[in-house]
Amino acid sequence: MTELISAGPLLEVRRLRVTFPVPGKGIGRERAVAVAGADVTVGPEETVAIVGESGSGKSTIARSVVGLQRPDAGELIFDGRPLLRRRRAADRRAIQMVFQDPASSLNPRMRVAELINEAWQTHPAVAPEGDRRAAIAAALGAVGLSADLVARYPGQLSGGQCQRVSIARALALQPRLLVCDEAVSALDVSVQTQVLRLLADLRAQRELAMIFISHDLAVVRQIADRVLVMKSGEIVETGMTEDLFNAPQHPYTQALLDAALDLKDVS
Amino acid sequence: TTTGGGGPTAGGDVPQELVASGQYPVENLDPHSASGGSAGMDLVAKEIYSRLTAPDETGKIVGDLATEWKPNDNGDEWTFTLREGATFTDGSALDSADVVASFKRFLELDSPPAANFPGVTVAAPDPKTVTFTTEKADAALPSKLTTFYVLPSETEAKAGAVGEKPVGSGPYQVESFAAGQDVVLVPNPQYFGGAPTLTKLTLRTIPEISTRLTALQTGEVDVVWGVPDDQLAELRAAGTIKTEAVQSAGSILIWFNSERPFFKDKPEVRRALWQAVDFATIIKQINPETGTPADSAIAPTVFGYAPQTPVTYDPDAAKQALTEAGFDFDKTYELQYQSQFKPFVSAIVSDLAKIGVKIDAREKEQAVFIEDLLAMRWDINFQQVGTAGYDASTNLGRLYTCAAKRNGYCNPELDKLLAEAGSNPDQAKREELYAQAGKIIWDDAVGMFPMFVKTSYAWNDKVSGFTLDPQGLPAFRAAKVAGS
Amino acid sequence: MIGMIIRRLAIGLLVMWGAATLIFVIIRVAPGDPAAVLLGPDAEPGQIARLRAELGLDQPIFVQYGNYLLDTVRLDFGDSYRLRMPAIEAVFDRLPATIELTLTSTALAVVVGLTLGILAGMRPNTWTDRIVSGLTTMLQSFPTFWIGIMLILIFALWLRLTPSAGTGTPLHMVLPAVTLAFPFVAIVARVTRSSLVENMGEAYLDTAYAKGLTLRQAVLGHALKNSLIPVITVIGLHIGALLGGAVVVENVFAWPGLGTLMVEAVGNRDYTVVQAATLIVAGVIVLLNLATDLVYRVLDPRIRTGRTS
Amino acid sequence: MTLPTSDTRVETTVTEPGQRLLTVDGLTVSVGGLTLLDGVGLTIDAGETLGLIGETGSGKSLTSRAIIGLLPTAMDVTGSIVWRGQELLAASPAQRRRLRGTEISMIFQDPMSSLNPTMRIGRQVGEVLRRRGVPSVEVQRRVIEMLEHVGIPDPERRIGNYPHEFSGGMRQRAMIAMAMIAGPSLVLADEPTTALDVTVQARVLEMLRQVRAEQGSAMLFVSHDLRVISHVADRVSVMYAGSIMEQGPTVEVLRRPAHPYTKALVASVPAVRTRTAIADPLPGAPATPADRPTGCPFRTRCALAHDRCVEERPVLRIVGTDRLAACHVAEEVSR
Amino acid sequence: MRLGAGGMLVPLVIIGFYLIAAVIGPALVPYDPINTPLADRLKPPGAVTSTGATALLGTDALGRDLFGQIIHGARTSVIIGVCVVLISLGVGVLIGAVAGFRGGWIDAVLARCIDILQAFPGLVLAIVIAGIFARSLLLVIIALSVTNWISFARVTRGVVLTLRERYWVDAARLMGVPGPLLLIRHVLPFTAGPLVAMATLEFALVVLAEAGLSFLGIGLPSSIVSWGQTVAAGRAYLASAWWISAWPGLALSVLVVSVGILGDQLTARFGRARSR
């Protein structure tokens, strides 16, 4: 646990800029700006939420952080070292992601056991010694799933179970940063609560830092330490969760909070 | 349409229009081009052009533009006298200058039949006389000249320069031409033999035999040829269609490659293989109407034909002879052929297999077949061969000499006979020499010579007067259509 | 739009250069000598050599290739060895008949195929669907010449309704067009069906039903247009294939098309004609691809603006 | 906090005369041996909004589709659906079709895939009218008017656009315009705002309320989001595993749930305006049609389950004054 | 209503029957493609031949028994169909998958190559190939495969393009699963549905195309029997000895229809699986 002693942030994203080509626009090759110079810092064991309207660039930041998206400009510094374009295996392993759609982030032709085992095949460094089957059962147990599920295909699991398998797979690699892109948005409230609770518990147990992307402000308020508000590719406000919810500064943040619904007249 | 007043339609009122359809396309109308000598070209050329000499129905050479011809004493110069009153369709008179210019153009363009005239020069001493001088005496020259068509002397010396409406002096002239499809001909009123009765003659290419026969049955086409045996009887059964098969100058030729060690100088092997195939049955079954068992390497219609002792089917004797000759039964021998002969070849392969001879029958595409044929890349070659000019000189004289290198057979004695036969001006003597040469070729089994080919015709019985030509090139000069 | 067309045409030129080069190489790699084929088995070696020289085939291959490219750029494809006319003229002689036949059979196939496909796709897994599927599979399982000759026997010989072969009247076109359309109908029907079935599950159709539309109105008014893109694709591909590939039908019906010209030219090693025909077909296919893409844009507005999701 | 204009909304619905429009009773839908809906019953009066809430797969969409008659043909439907006194399950397809669009219309969840991508917005919105023989000039006029009404700027130009040229919120507005253009008495809204951003959702909900108020249409509002339901519905039905678990006035149901499931749902809802801890989750996953337990379908996840819940399936019964609940211990729960 | 197990069963039984005929048929039904008993030529179905046997389906123009020909031809035709489809499938999937998965210039170049080949008369290519190699079964397979893979490549590319954006592919990619493995494990299995359906259809077309090659005279050597050869040989006899072309044509049609129905069923099955 020597890394923890270092005081600096776990991840630093500096002036990240991502653009996409606008298709069909002739030879001019115009590009649309998805993220226009964003700075994100995530401390060790910190949970940072990113909120904002659809298309504001939240997922693009997440994909850049995990290396699925090549930024046009900007720096990514993980654990004090810049992330190279071809990431070292250890860096890949240390940053994992949980996707929005629980069913489609698992290969439907692979059994649960194979899904988790694939992580270890790819990164033998963190693969458990000895009995693989027991290790898989343990990994499932850690996310509250029964070992009976090992032989099932994702299609035979409920949404909440799928999301837990995704999380178990990510955790199997012993990551230090978990990026959750709308990881609970597709789930029903009852299941959503289960997964949120799981994430909150794991974060404490495993010393995980998290980037938590959601458009549900209420959920963000429950889980995040710090919140970034995005609008049209830019971060317009950032602050500690309670400060931001109690005293939003930016008009957009205010509008967002105003529009959010709470249960009416029940308290 | 019906006419008022009733009464039976007079024969003269029947539209004198006729459609004839063959398999091979007419690709251009220049008889001196590289297509010269092809079936399609000859079919149309004899209708629109004239030549010095032409074969009659039996293959005998008669005059066309020439009224008479005779050699000098050495036999190396032939003098032709042209007929009076021959004119081209553009109105100009046809004289010896046209013949000379045409002949030069013919040689210059290197048309395939021009190969029959090595070193021949031509001159026109007067407007009605043409003389041909050959390097060596060439008795077959009048026959060979049936492959040469006369064009106006103004014709450009560029292949294809005759265009789509050529100027000729034949019975018909071209009304329209679509390469590979249709040639529409109308009578040439100035034709020296008298304008034909037909007002319109269409020569149409229909490659697919079933379609061609259907067109004949429905009346879209009046005359077809090259009908397979199995279909002939069927066509006759309809009652309105007549058929006939005419002896052609063609015969089936199955050469052995005498360059190959297993055939070289082994007439007994070659003969034994010949003996092993039951050609009589094959012909009776597969070509009952269009084939007759051969008794010579060249057809009876060809000058120089002489019958030989038939080879009788005797597989046991064949097997024994082969064994004695040390024939290698383990080897597979390659026989090359083209697709239309597939049934015949299959039957041969079947018979040879019965005595343990293994044949790999290779069907080859035209281009590959010719290349391999000339390069002698085969053990056995199956071919149908005609005889240009109906004279053995263009067949035996061309194919069986040592220099020809066509089948690897080389016999100096034969060479001498053929050279002599080719040049001796005495026709009787020539005939005798060819008979001797034919016997050597036959007895030495340079190849198997199983069958003379007949050309089959089928026509609508309202049509009459056209010539059933041995080469499958009917002539329509005198054709008529009768009322039904 | 204009920019896209120009870009596509530029790429098209590249494709044509590729096709030109490939055909040049391949036809020369093939065994068989144009001069020897032209002169026939009776020719003498000297004659063959002289003809080769005349045709320019004795030059080094790179010189031939260079000349060929230069001439082609000048739209000069050389003279046909056999037909003794400009190769391009030989091709253009055949092109009208080919186009006529292709268009007729395409129209026929599209009308019949679309109708069958819609009938089957509208009510998937019903008897209509099964009968249409069976029928179209049957159509695809008969060799073309079989169908062609059978049609001739039935309609020309027995019923005497049509001529058996050749060109001339519109009636001449019926049998070859129908024969060509047979497998084409099958393909169009199958693709229409499967594409329609896929679209039948789309949410916008529920919207249409919720407006009170009948099945037929919903299919014809909404689902069909959305199902047409794969159909257009196969039609485009098939038209391209018909241009040079209707050999069997052309042969059976003595139809003077490009297919037989090409096959004969290959058989005769008539290089210039093969080259000219290939380039013309390639050009038509390039244009056809472009036209297909333009039709896509008409059918699907999302393609126009480049947004497909 | 409530939406700024919510008070006026309550007023309009309350003053509406409550004529009974729709009565669904014992609606059972099954396919291939699986019972997907199990005796669903609900009523809708003129002008009122009934909220239908439940988790994924509980049968909300099937219920609304059964009402408009758009279930897959493979499904067996029994029970009764009575529209203004007419039994719809006995009506001919043509009769049912005539109701669609004009009497009963539907707004679907996903505004992108529910619009025909290759047809211009104007045509799609006006199609109901056009199919019923309204002259095209008139259709055009009403389409523009309706689009303006739902808050689409510059509707004259926008009718020529294709769906992909609209933003998500605009598409949903177009969907609403399409459903409302013929002035239907009942609008079935199947998760109409689920796919939208919060800010857009708020605006769309407000607009929907306005348009409905003007036309006096009743609405069945399907959602899995209790927060949305609490703002739009007069009454609410809670579904679980193909059956109604609880039904009653929204405020009552949410304030004092009479069913343990409703209670758990309400407890799970996080809040924006106050800080809440993550609730204690319900154990397990929602029951699916294939593995629905005997007796009470919710018993496997219920902390109060006892022997009777295994043996006897609780029926929907009156609890308190104006509420129905399907639980043996409803009184205990609501206390 | 949809076709249940029976819908699969009937075509499967028929196809099984053909496979049995192809595998052990030649051992049970003696037939010599070389031997030509000319005395028995063109005998109608059921006629008695000179050897006293009954020609169940008649004889061809060389007197060979058609029943034997069909049984022996089944093997050749099935081999041709299967080989050509497998080769085309392999090549097409490889090229299509690489083009679709890698995208960028590789995709552009491969797409142009496909365009060129498409503009190129496939028939000419086949004829030319026939000129280069000797007539053989292998030649037929090569000639038919040369252009056949294109359609597989197109379909694969299309499917891969949509698949590579799936979350599970992203999930595997960010985990660091190497490219080829990513393609093989996470992308290709999902192309199976459309490809299998297409392969069944192509199988049918290929068996037919072999008949087409024979028609052009570039088909199999005469010592090998195939349906295509028989159909082509009977071409001249369609009006008189209808049975020569009819039997193999019928055998072919039944197989093709069965394969087609099976293909439909597979499409429906995989299609459903995909849409879920």
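Each chain gets a letter, A, B, C, D and E, in the order it is written, and its residues are counted from 1.
The rule is simple: a residue touches a chain if its C-beta (ideal position, glycine included) is under 8 Å from a C-beta of that chain, and two chains touch if they have at least 3 such contacts.
A quick map from chain label to UniProt name: A = ABC-type glutathione transport system ATPase component; C, E = Peptide/nickel transport system permease protein.
Fair warning: this is a prediction, and the values are worked out from it, not measured in the lab.
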| item | value |
| --- | --- |
| Length of the shortest touching-chain route, chain B through to chain C | 1 |
| Where chain D and chain E overlap in contact partners, by chain label | A, C |
| Per Cα centroids, the chain farthest from chain E | D |
| Interchain centroid distance [CA atoms averaged], chain B/chain D, Å | 90 |
| Distance from the mean Cα position of chain D to that of chain C, given in whole angstrom | 53 |
| Computed distance of Cα centres, chain D from chain A, in Å | 32 |
| Inter-chain centre distance, chain C versus chain E - centres from mean C-alpha coordinates, in Å | 21 |
| Residue numbers of chain C (touch at least two other chains) | 30-32, 149, 153, 157, 267, 305, 307 |
| Per-residue overlap in chain D, given as positions that touch at least 2 other chains | none |
| Shared-contact residues (touching 2 or more other chains) in chain A | none |
| Interface residues, chain A side, partner chain E - complex | 63, 66-68, 87, 89, 92-93, 95-97, 99-101, 104-110, 118-119, 122-123, 155, 166, 169, 173 |
| Complex contacts: residues of chain E adjacent to chain A | 166-168, 170-177, 185-186, 189-190, 276 |
| Contact footprint of chain D on chain A as seen in their complex | 53-54, 158-161, 188-194, 196-197, 200, 215-219, 221-223, 242, 245, 255-266 |
| Contacting residues of chain E [partner chain C, same complex] | 1-3, 112-113, 115-116, 118-125, 127-128, 131-132, 201, 204-205, 208, 211-212, 215-216, 231, 235, 238-239, 245, 249, 252-253, 255-257, 260-261, 264, 267-268, 271, 275 |
| Complex contacts: residues of chain C adjacent to chain B | 30-33, 36-45, 47-48, 50-51, 54, 79, 81-85, 90, 93, 149, 152-153, 156-157, 160, 163-167, 251-254, 256, 260-261, 264, 267-269 |
